[in-house]
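What follows is a structure written as structure tokens; I'll ask about it next.
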Amino acid sequence: MILKTERVSKAFGKLQALLNVDLEVAEGEIFGIAGPNGAGKSTLFNVIAGAFPPSSGRIVFDGRDITKLKAHQICHLGLTRTFQVPRTFATLSVFDNVRVGATFGGEDIRIHREKVNETLAFLGLEEARDTPASNLDLYTTKLVMMAACLATGCRLLMLDEPLAGLSMIEIASFLGVVRHINRDGGITVLMIEHILDSLIDISNRMLILDNGQVIYFGDPEGVRTDPKVIEVYLGEGDIQFGEDA
Amino acid sequence: MISGSLYACMALGLTIVYGVTHIFNFGHGIVAVSGGYFTWWFLSTTGLGLIPSIALALVCMFVIGLVLYKFTLSPMLKTPNWEFSVIIFLLGLGILWENLLLQAFGPRVKDIPKFFDGRFKIGFVRINHHEIALIVIVILFVIGLNLLLKKTWFGQAMRAVAQDMDGARIVGINLNKTFGYSFALATAVTGFSGVLLATKYYMTPHIGWDWMVKGFVIIVFGGLGSATGAVYAAFILGLAEAIVTLYLGSLWVWPIWFVMFLLILLIRPQGLLGGRTL
Amino acid sequence: MRQKFLAILVVGLVAALGLGSAWAADKPILIGAPVPLTGPYASDGEQMKMALELAVAEKNAAGGLLGRKLELTLGDVGGLEAEKIKAVGERLVGAGANVIITGYDDGGVDTKVFGEYDMPYLHGNAMTLCTQPVAENLEKYGNVFQYTYNDKAYGMDADKYLFGLGQEMGWKEPNKKIAIIKVDYAYNIMPADEFAKLAAAKGYEVVVNETVPFGMAEWGPILSKIESADPAYVTFWHLDPTDAARFIQQFSEHFKDDGLNALVYMQYTPSIPEFIKLAGKSAEGVIWVGSAFGFGPKFEDYKKRWMAKFKTEPAGMYAEATRDAFDMWVAAVEKAGCVDCYPKVIENLRATVHKGLCADYKFDLRDQSILQTDEYMPLVWFQIQDGKNVKMRPAKYNEGGKYKLPPWIKK
Amino acid sequence: MTTGPSASPALQLEGVDSYYGDLQILRQAAFHINEGEVVALFGPNGHGKSTLLKAISGIHPPRAGSIRFMGTEISKAPSDKIVEMGLAYIPEARNLFNEMTVVENLRLGAYNRRARGKMDRNLKLVFELFPRLAERRDQTASTLSGGESRMLAVGRGLMSDARLLLIDEPSIGLSPLMKKTVFGAVRRIKKETDISILIVEQEVDYPLALADRIYLLKKGQVIMERSVGEISKAEIEKAYF
């Protein structure tokens, strides 16, 4: 197990965002998380990545208790994340954006350069290396964000709705990159996504959250037929129009 | 309490302008003073009573605000870096206007009569009728402003612009018009605070700068652009002023204000109720 | 060759100087006046300006000084900031001022600014800060004259007379406690501290000692402090009439019902007419001390001329003191027979015994400030009675009145 | 109530050019929407879909070309006038008033003079379409979930008494169930009113099931027009290249 959460709960005032969430991610797998809007998916990421501590419960990463660690400490241990809203440094070039990630490692400048170049090559971003981030399209921006995470030298990468806003073709090629990172880079991936077909397709195992609680855990294909998941998340039928159905 | 309520009134004008248009009005103090001077002038030359004079003064302030916006600020807002040029412009205009007041009315102190004479006593505390009147007026004023913001189309438009400018345009609000009327309204509100201040503390053309600095501390303390925050901050700082004067000496008021100011910026960088808007 | 060149140069210079002075006879004599025309002291500054304008106009109408016209150049020193006085000073001297006259212009650097030059500088700053350098280096700062006494004089004077007043009005001090409220300014801190020191030596105890900033609007907390300390003397050292009026107004309201068994003393401020106008009835019974200005036959005549020119009354001591300074300097120049023979003019100023509009002036030769005695430029004690300032002492000024118990002392 | 597609265009664009600074986004864009029609606009990211909607709604006016709405030229009209004429833009970013309640947001949707009188009627309609919003009417907008705030944005657009809705990427970030709800509401608008709708989307499935016609926008130009039924999802994907 590279990542394990034990009965993790988080409350914001009266709002119970997470309740006793148990999660186990095995080294080398792609793990998918889905669930209705407001189910607590992003909160779970935030708690794991150390943006804020859980109200109760324990988080273990790579055999180490990280429950109380700060975000940057967790990052140093090799666990990084991307955000739903693309965040890059607009005026910096792609190279510099990625280098900011690499600098977290605290090694000397030469090693950074190499690592950044390596990462850019790995993700096929060499051509864009000198483009300012503000001139990139959405797809490339997402790749750059991911590159910046990888350059920290992480072992577990958490992606928060990486496919949102991408066209079908872009989705397909982005998933290809994720597989490449996973297989050839040896990086474990934890991914939140609404585009369920894609998520089922790429994940080794999946978890569905609803109201802060785990309602499904296990085989991705099983998601489609699980009655509880259909009730709160998928809705009946294939293409249907919700409330007037 | 009393200083608090007067500060609140003054800070509200600043907050409206900043909240809606993101203009920092560095001529704010002199705007307040102008309200007082107009009232004083109508009172001493027209033979009108106090209330009509105040009303007339506020109408003047509103019109001046509107004209100022239409012919100077509105064109400036279209230029890049307007945040800075507008600050400098308003600052310069404030100084110019102050000197015009000085030329027109001389440096002597002016005052506006109290609304009520007399006072009463509760236990050991003596309270003037005038001070009660001031507090009541300010409370009514805050309530009225709140109603305006919440219950009228214009008020809702101001809030909408303050919260999301693009959203406001999407629902069909004319930004320029809303900016203009907000600026005019704020000018009148600020002028009114000057009237109230003048009934209690007298005024000279230059006194506005003191008021303005206090106003700035209050609105940043309260959270930029938050009207409720400004009112809370005004009362908190007014109370702090009284307590500090009593126990430490009045020279400590400013230092303590700034310590509180720094503390709140450290603990809550967005200010007391920052992030919330009109 | 070189000697010849030098000779020509010398001849040229002498010729230029000769021509220059011949030309100078037509050139007006320049009076530089650094005064506060904007900012918190603008109302005093306006009086200084008017006083000098009237003086110049009258002197020119009478044929000028030594046959030459006088001309006034003003410079605004605003809120009396050091950098302003410096800039204004350099400008006035640069313009060729033959004398610098002001009511007041500063809190302590003016002596250094004008001491650099030779022309006489007459100011009424009334501060030890301004006369100290003169006392320490008469050689260098010999051109600096302060035609008022020093601030500490108020403190010494208050100690001398304040505690005897009770007897005159049939009031016995209930205790030996003193409250001191002073504004954060040397002119007021110096005498207040001096007073505290001297009074303490007599066994009085300072129970409230507040330094306040300018622009103090809400006096409630300080009044509460006074109420709980219950002193027999409340002394108020300030120079802004607005702040002082707010104080006395809130004071009289505060103690209207329960009273306060204490005398209220004020330094200087009520001499500015604005004070009584703003404070109204609430100032009734206030005892205050100011300079000997604003009364007497010579002043009445001056007032008439003033009103003829300006259509308003002269307001405050600087309407008058600035004129006295001007006259002093005119007398010194006329006695010397020349304007820019500065050492001679300064010599004459030092020897001055000037009969001013209201009181007489004689310089203390140690620091070139004015002696404060009953004979020369006395401090005058007033009480506000029936809305008027009534002179109480020195005896020669007494208007026949007796001190009355102020309204807040309840029997 | 339903009148179905009619022949006279509600919206007609001809030769629209739009720039951001020196960068040209739209090149001679042209298309039309008939009254009562639902049209879907597809196209790769960054090729001008959102810019097109901003040009129509007056948020970012075009530099050249003609935009006619109900027969009136609006390419130079200010955004508030365009809203008043009955054209509502529902941006992908939602642009809600976060510190206001749901119902305050909706009321502001009826800010324009024409809509004010019909506010109560339209409010009823919106609450009928989105019962979820009625439940949360006094909650502040910032506390809504992603799907709910998307509903609020659509609802606010309807409040303007719109005759044409421009909806930008309604499905982005929504769960499958939420998508069904939002598109379900769009279908009800189609069935029960004669409001015309333009949907810009990445996800093809729902719009294909809803729309009467589709357009494809690529490199700032409308390169393809098809009636639904004439084209499959796979063909659209292919056209992206």
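Quick notes on this structure:
In this document, chain identifiers A, B, C and D correspond to the written order of the chains, with residue numbering beginning at 1 in each.
In this section, a residue touches a chain if its C-beta (ideal position, glycine included) is under 8 Å from a C-beta of that chain, and two chains touch if they have at least 3 such contacts.
Keep in mind it's a predicted model, so treat the numbers as computed, not measured.
Counting steps between touching chains, the shortest path from chain B to chain C takes 1. For chain D, the chain whose average C-alpha position is most distant is C. If each chain is reduced to the average of its C-alpha atoms, the one that sits nearest the average of all protein C-alpha atoms is B. Separating the CA-averaged centres of chain C and chain D is a span of 77 Å. Computed from the mean C-alpha positions, the centre of chain B lies at a distance of 41 Å from the centre of chain D. Taking the mean of the C-alpha atoms as each chain's centre, chain A and chain B sit 48 Å apart. Chain contact topology: the protein chains form an open path, each linked only to its neighbours in the line.
Looking at which chains touch one another, you get A-D, B-C, B-D. Interface of chain D with chain A (complex): residues 44-46, 131, 145-148, 169, 172-178, 180-185, 187-188, 202-206, 209, 237, 240-241. The residues of chain D lying in touch with chain B in their complex are 57-59, 78-80, 82-84, 88-91, 93-100, 104, 107-109, 111-112, 116, 156-157, 160.
By the touch criterion stated above, chain B contacts chain C in their complex at residues 2-3, 99, 102, 106-109, 111, 119, 121, 126, 128, 200-202, 204, 206-207, 210, 241-243, 245-246, 249-251, 253-254. On chain A, the positions that touch chain D within their shared complex are 34-38, 84, 137-139, 161, 164-170, 194-196, 232-235, 239-245. Within the complex, the chain B residues that touch chain D are 153, 156-157, 159-160, 163-164, 166-167, 169-174, 276-277.
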